[in-house]
Amino acid sequence: MKGNKNKRALVWVGILALALVFCTTSLCLAGELDVFAGENQVLRISGGTAHIPVMKAAAQKIMTFNPEIQIIIAGGGSGAGIKQVGEGLVDIGNSGRQATDTEVAKYGLKMVKWAIDGVAAVTNPQNPVKSLSSLQLQDIFSGKIVSWKEVGGKDAPINVYTRDAASGTREVFWKKALKEGDITEKANVVVSNGAMKTGVSNDPYSIGYVSVGFIDDGVSALTLDGVTPSMASVKSGEYTVARGLFSNTKGEAKGLAKKFIDYLLGPDGQALALEKGFIPVN
Amino acid sequence: MDVKAFLSKSMFLGACLLSTGITLGILGFMLVLAYPLFARGLFWEMLIQPWSPGQGLFGVGPMITGTLCIASLAVVISIPISLGVACFVGIVHPGGKGRILKSVVEAMTSVPTVIYGFVGVFLLVPLVRTLFSGGSGMCILSAGMMLGLLISPTMILFFVQSFTLVPQNHLDAADALGANTVQKFFYIVLPWAWKSMVTGLILSFGRAMGDTLIALMISGNAAAFPESVLDPARTLTAHIALIIAADFDSIEFKTLFVCGISLYAMTGFGVVLARGLGQRGRA
Amino acid sequence: MEPKIKITGLDFYYNGRPVLENICMEVVENTITAVTGPSGQGKSTLLMTLNRLWESIEGARVKGDIQIRFGQKFQNIYDPGFRVSELRKKVGMVFQMPNPLPMSIYKNIVFPLKLTGDHKQKDAAFRVETALKRSFLWEEVKDRLNEDARSLSGGQQQRLCIARALILNPEVLLLDEPTSSLDDTSGRMIEALLLEVKKTCTLLLVSHYLDQVKRIADKGMHLSRGQITQEW
Amino acid sequence: MASPLWDRAFRLFAWGCSLVLMGAFLVIIGFLCIKGYTALTPRLIFGDTGFWDAVLLRRQVFDGLFPAMAGTLCLIMLSIVLAVPLGLSTGIFLAEYASPRVKWFFSLVFDILAGIPSIVVGLFGFCITLFLHQCFFDRLYPCLLISALSLAFLVLPYMIRTTQMALESLPVSVRLTAPSLGATQLQNIVYVLLPAALSTILSGIILSIGRCAEDTAVIMLTGAVATAGIPKSVFSSYEALPFYIYYISSQYADHSELIKGYGACLVLIFICMNLFVLSHFLKKRLSQRLLFRH
């Protein structure tokens, strides 16, 4: 009987010790996440699809730290992000472009830029064409050049991929790379950076454009006027088709939204941005 | 007791009116939201105009064309297959083999459309691209083939059901006269069942028109008038899914209601047509 | 020998087509009155006018006067104030095909009590037993009251249906060819049962077996093309 | 056409078409199985989180299908709860109370409702939400409730039609039994007609559940999102299996995510097939024996 009692005590001590270790380690690990303790709200985020990987990673960290918090992340594109946060449908609206003055005035938006990102024209890795001039790029997207042969590639038609109207990536690419030139109606339309990457990586004769953060083995980034888009060239300002990644709130950010944005701007968040292929601002 | 009867009847009637209200409410809501377009006389123009926001043109003409092309192709692909399978089930092997096949076809109706889309993206699109080198593979043909596969089970079941409308004694008579299978089919089954079969066709066409995911995932979504089956195209349904994220006050967003109303009108017309046929068929 | 039912000038139309024309007849209390005639001549319809069961049929219309005596007073059953459900409790009906409900034997018999809300009362089980005894079924089913009623044989099912009609102690029982779907032995049993029931009830029997009618009916009439052509 | 050659050609045609269709079906299923069977592990559903932690909602599941499955489940339950009473009552009205002319009109309306593309229903749900949000409740967003309502509209015509057909196809002998014993119309419906039609109605409901489980177009417009965790209330956004599949198909980041997409396809097909088999089973009226003993 006595031995049994001792054993039980031992088990309890063990459990307590384990719990203690657990608590301390989680406390030590938490650090920046501490501000999220005690929160139990829902945070709604939507908009730019380039932002999603960072948002997801941040959300996972926060929700693991405090399961009471629920962070909802939807895509939709920059336009949707700005519109929805303005209408109050979400707490944070992401955009891959600056909100226009009218949008800012209409909704009283506050923009926070937490990373810089380039938009690169991409092709399938099998495509021998690795560099284009701005003019060639414009002609391809406007539909004037229809064969890869004309720009030094195989004798195959060019399949242009573009994004939908709400896309900030599209806006930036159209303004800075295409100089506001036409995009052919025959272009395949996809709804996100991820979808663009999928489309281009599966189509040997494709051309499209994605956020630099999304570039991997599946697609090859085109050198534009002699400049290769990369984190370094975007950071140095050499590659000009770049934009900020913004998180917008209606009015000054409050509560959980503010904490979330602060987290993105803090060391942890910035590290996440770097990890996902964007250039941190701090 | 009479109060109870009255109350229950009113409740059932109320439910019925509510359900009806939903049907009409959907149309009404879209008409109200599209009213600005009607008021400016833009609605009818939009049905035929091309889509090029750069030039301020927000017509859904390409989408209507795309929808009709893809749905027609789907039905054209589906008809012979469905007819063949329906004959197998209903006429050639009405017994064991046919019953098994029919069960499989019934099971096929429960495959989610998103699965067809998914397989389309990763199996059919690359296949089409390799076979017809050049295109992106996301085209009317791919979408039409997948949609054809999607609507086939429905069509088959409809055909099989039409075949059962043929009176057994007619078939027995044909058998007694020594008719072979093909004669039985052309001289007895078809004349009896064709009206009901056309009804099935119309309804399948409506189903093909109304599907969103397959078109959205594998038809390429280009907003231009398609010129060949290897061109990408955008359907009305995919257009709704693509534009829903746009600015709510923008004219792009308003075009959604043009799409919605056209889809409602086309499928509604199909239902009325199918019913008309069905009723005359019965008379 | 007092009359129980008086029918005068009864017409029945189905989708504008006359099925019964100017039926006049009287049924005497505690007798079996048989209606014979070829099929499709309105025999079943005539029964249905007596408990207003035709009212659930689309496109049917009735004209004329049917009086049934409950207690001392004759009442017009088509009187607007006369409640259909009350009428049908007093005028039971048995159909050509036995129609047990898809439930246990006990629940089938007790079903009419459930409709009036009496099935929870203490005497419900006793009333079930009485009804089953009156229809000669008790001995056969007393040990299997919880079995599905559809597991009984055809004759048993028909007797079950009669028991179900009897549990409400109806004053009139309408029988629409109750033995035609049964074999001879079961049919004879039903006949014997009807003669028993006659003691407390007025029976109106539609049948096309002339010999059956001769065996058990007190009075008969022949219906042809919607009219009574012969009485005896 | 009397020559046996025609006859043989006809048979060949029937065989050929059947083989083509079965082939296509098998290719689809086989393709998913071959690509996705490696993903079929508990990790596919629960990610790095333990089974009990996930099921008891102690920890959020990331990188797993669990939130999507939970979302789909909530969605199904809510839509069915909303659609069944309305669909059943309407079906009963059409079958038991409506005159032929009324019945004709309402059936036309519900046939049209059945024909409306699901995305139009989704658009309706979305606009209603927007409208309510702007005018009345500014805390209302596209959410589980809105999706469930829209889905309920979508499956409503099926439910109405199954109920109506099930009741109308009951034989006259069943229909007249209770009235001949003095039952009122309501009693007849409640005690006899509905129980007798129950198996058919149930199989219709289960097919509607299948519709709810597979529909993507409606939910992508009315509240399904990429990441939401387990929905905490009906006013919350949610994840759903079909939407997850759609999302993965266009936005997978790497191979392992794509494999998860295949896995999700298999899970969804498995669910839908099971629902189908269940409904088939019920239609064969095995339920009657189960439901009416005692």
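Letters A, B, C and D mark the chains as written, and numbering starts fresh at 1 in each.
In the analysis below, contacts are C-beta pairs under 8 Å (C-beta built on N, C-alpha and C of every residue); 3 or more make two chains touch, one makes a residue touch a chain.
Just so it is clear, the structure is predicted and the values come from calculations on it, not from any experiment.
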Two candidates, A-D and B-D; the one with more touching C-beta pairs is B-D
Averaging each chain's Cα atoms, the one nearest the global Cα mean turns out to be D
Chain centres computed over CA atoms; the one at greatest distance from subunit D is chain C
Subunit A to subunit B, mean C-alpha position gap in Å, rounds to 37
Separation of the C-alpha centres, subunit B versus subunit C, in whole Å, is 53
Chain centres from averaged Cα atoms put subunit B and subunit D apart, in whole Å, by 18
Among subunit D residues, those touching two or more other chains are 130, 184-185, 249-250
Contacts with two or more other chains occur in subunit A at residues 87, 190-191, 198
Residue ranges of subunit B touching at least 2 other chains are 1, 121, 248
Interface with subunit B, subunit A side, in the complex: residues 76-77, 79-80, 83, 87, 156-157, 159, 161, 164-166, 182-191, 198-199, 202-206
Touching subunit D in the complex, subunit B uses residues 1, 4-5, 8-9, 11-16, 18-20, 22-26, 29-30, 33, 80-85, 87-88, 91-93, 101, 103-119, 121-123, 149, 152, 156, 180-183, 185-186, 203, 206, 209-213, 217, 237, 240-241, 244, 248, 256-257, 260, 263-264, 267-268, 270-272, 275
Within their complex, subunit A touches subunit D through residues 42, 44, 46, 49, 52-53, 55-56, 59-60, 63-64, 67, 70-75, 87-90, 190-195, 198, 216
Residue positions on subunit B within touch of subunit A in the complex are 50-54, 62, 121, 125-126, 129, 133-138, 220-224, 231-232, 234, 242-243, 245-248, 252
Per the touch rule above, subunit D residues touching subunit A in the complex are 57-60, 62, 130, 133-134, 138, 141-142, 225-229, 232, 236-237, 249-254
